[in-house]
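Submitted below is the structure of interest, expressed as structure tokens.
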């Protein structure tokens, strides 16, 4: 592990370019009164002055008519110099605000911040209607309030719920059911699947294709095993760009309510995720593995097949999980082990290598590095 | 490694939802006689009773008119309580079937199962014709039996063989040749490539784009090296969703007959895979590395460039391969080493850390964990 | 690490199939004189004979009218038997050329080679015009010299610069600005982004979608935090197939000039890459991490969030980076450490395991391998 800080300034590649809420890309509301803002954030502010705010911004650039926030205590030094008109923050940091800056204290500043940002920048509602370039099977059912984007394809027997948006070039296969208030990104492809309400698929998601199942034919080839299950997705699920989720083989692949999946994640056939799981980018879960509720899987971690992971377990970045994980346990490493043990091993190995170097037994670097 | 089983039941997120062969998504045949089923599976059943079966199902839900199977011996307890009418299984487990349940003994139950499922759920044949929304270059050659889906694009000089299906939004570049009986998934993109027969590309596959080749220009920039090879894919190859396969630079990238590639795999330029290789999801093979026949690469493994891997070598999950691998050898770890050595090292490190803890030399956890 | 070479010949799956510059896929120029070729490569060749060359090829197949090159010294044995008419190579290898073969000496043979290949195979220019099947918002601005491919979608307020090509099925969102001479691959999806000049996106790239930001709502669910930044991409950037780059949350995600990104890479929100960085396939950089200039990140490496990596640092394949990295340092391993230390640790562990085996304390393999 490197203990040193980066010893050289890193050039900002395009200095000064940042723009929060660039109106080319975001529609905003406001100005809003401080009272309205505090209400949106669920913050009690009994003697709120009558002040108007036009938007939001980070601590170091927000102006007098903008709201800012502080979530990570290690950036608390930024409070002293902020010119923001109001700041959402933890109550114990209120005293560090400069004069004239209004504190918006919250036990969960990030949640309050999410709500304030949503007040100023609400997600645009779908524009009802089917783009004339979309290819809609006559036997598909599309709610009148849904928006079907250009060049989308909706198959026979598919159903699209109220207030759902289907992005451009999306492909919704025959029989697929999509609930209300969903947002299906551009180029997403969904087959053999049932989606709940308020599901968001980011661009390029692949859902419902064949799982990786085949039998050796005894002559050096393979025979595909028909994959006869589906993908069943609960409510309030969000799935990142270019994620792939295979349908089940002899049962369903299931994603529980409220689960969040980052970009480029892979879920094999028959995987089951509970409610409120968080899967970070590029992790992969092999076939028939089941996760409980609120399991966290960090980036690039991998789980082999047919495992059971208990609720609220936490799997570290790049972990390689080959055995069941009890509920609530945190593991890391490849093969994965409990976090404390992992770092004990890392440190034991460091001390061993240091002792060997000290005793002069390790030889030269040329001897210890493998030929390449 | 965690030895404990998950100590808390994991909630089934959508209980009771499983549905094998949901007719919204799958067309089925049948009922079929037991004799027909045994024939399909290659199982000799001399005195088969005249019984009809309507479908397939897992051991714990299959009914009297359904066929089930057991492949993994650790689930053999499920035999005692199954209500399936017939079960495909290894001959040595026949005695464990309940009364009245017909055994379908096979030395390769999974293969037999694949064939029975295919009997009941045969892949739908292509529907010949070109969708009116597809964009076909006049100089493309498309067999009359091929199916070209909505909004597909077929470039100049491309050829599409008999009984091949091109999915919606697929993009087949100029000059690309696709053989007979192929299935090109939605949103797949193929350029600079020649495909054999019965090749399946799942949605979002990217084949034939530029490899990652460029030369430093001596002034802090890079100059791209034209990538002048192709991608040549044999027969019976299957490639998973969102896989990327770059074309060769000064030779071809080649995928041998019968090779199976899972989702989100990356193959660099000039990679060569032999026949019958199996590449599991999210693994990556760097440029100019060559694999023999029947090599297995597990999930998230990575191989550096310019390596040679012998036939039937097995590369474990998350392995980092930096040297050639002899034929038939199993390796794992990063850097990769033979499996037995890898676990010897894992265990030696555990004992070392345990000894240090025992001697009280490791200090507190606070001392052994790095600052974060 | 495996020291043995692969001990069995690897079958070439499709022998003899290689074809450099297959005219079905590549348009070529020529023949060119040796003088023209040397000029293109920046090689001084004062007494160049009047010779014409028709193309390029690898050492072992190039003929008398073709130019070849040698970059990797370990393939220098190929010089003795080449029949190429001319070879680009390092000056110190000139003496190893066979009689009659013209040497083209260069201090940077790979760069010279890039330029010669580009002379023979220049990238095809865009064909100005908008394909009639594309869906263009009336409020988009498209330069008359730009090429818009079939079934592309260009949103309201988007602008497409001169000599830029937009591939088939690409989706350019509202307000997106794309500079001059860019090449946007098929199925690419760009929103909330500003691109410089000569930017190349390979097929399936996802740029500008929501980052992975949400706050626990205290009741087991999550609330999305609006992602109000953009993606700002400099000049001469190249981004590989199926890469995902999220837009910033409260600042921009920024990619510096000349940076090269391989396939299936993930960049989280607010990531900043300096100039001339090289990111190899399947690596991932978590949110708010900043890289300096000319940083190299090898395949499948992962960086956690909020880190700073100094210029010209090198991060090895599969490294797991959890702390800041000083400029110029090379690290590898998970958790990452300096390369020399990493291999010292690897070797120390090997010696430890060997000592244990020697003392007979390691027990049988059955004891040391975990149950699976």
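Per-chain numbering from 1; labels A, B and C assigned in written order.
One rule holds in what follows: contacts are C-beta pairs under 8 Å (C-beta built on N, C-alpha and C of every residue); 3 or more make two chains touch, one makes a residue touch a chain.
This one's a predicted model, so the numbers in the text were calculated from it and none came from an experiment.
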*Does the chain B and chain C pair touch with the same residues on each side or with different residues, judged by whether over half of the numbers are shared?*
different
_Quick check for you: after a Cα superposition of chain A on chain B, what is the rotation angle, between 0 and 180°, in steps of 5?_
120
*Please work out the Cα centroid separation of chain B and chain C, and write it as a whole number of Å.*
26
*For chain B, jot down the residues that touch at least 2 other chains.*
1, 3, 151, 169, 187, 204, 242, 264, 275, 282, 293, 300, 318, 322-323, 334-335, 349, 352, 370
*State the interface residues of chain A toward chain B in the complex, per the touch definition above.*
1, 3, 135, 151, 153, 157, 169, 171, 173-175, 187, 189, 191-192, 204, 206, 209-210, 212, 214-218, 220-226, 228-230, 232, 234, 242, 244, 246, 248, 250-252, 254-257, 264, 266, 268, 272-275, 282, 284, 286, 290-293, 300, 302, 304, 306, 308-311, 318, 320, 322-327, 329, 331, 334-338, 340-341, 343-349, 351-352, 370, 372
*What residues on chain C touch chain B, complex-wise?*
1-8, 10-14, 17-22, 24-26, 56-58, 72, 108, 110-111, 113-115, 117-118, 121, 123, 131, 133, 149-151, 167-169, 185-187, 202-204, 236, 238, 240-242, 258, 260, 262-264, 275-276, 280-282, 293-294, 299-300, 317-318, 322-323, 334-335, 346, 349-350, 352-353, 356-357, 362, 365, 368-371
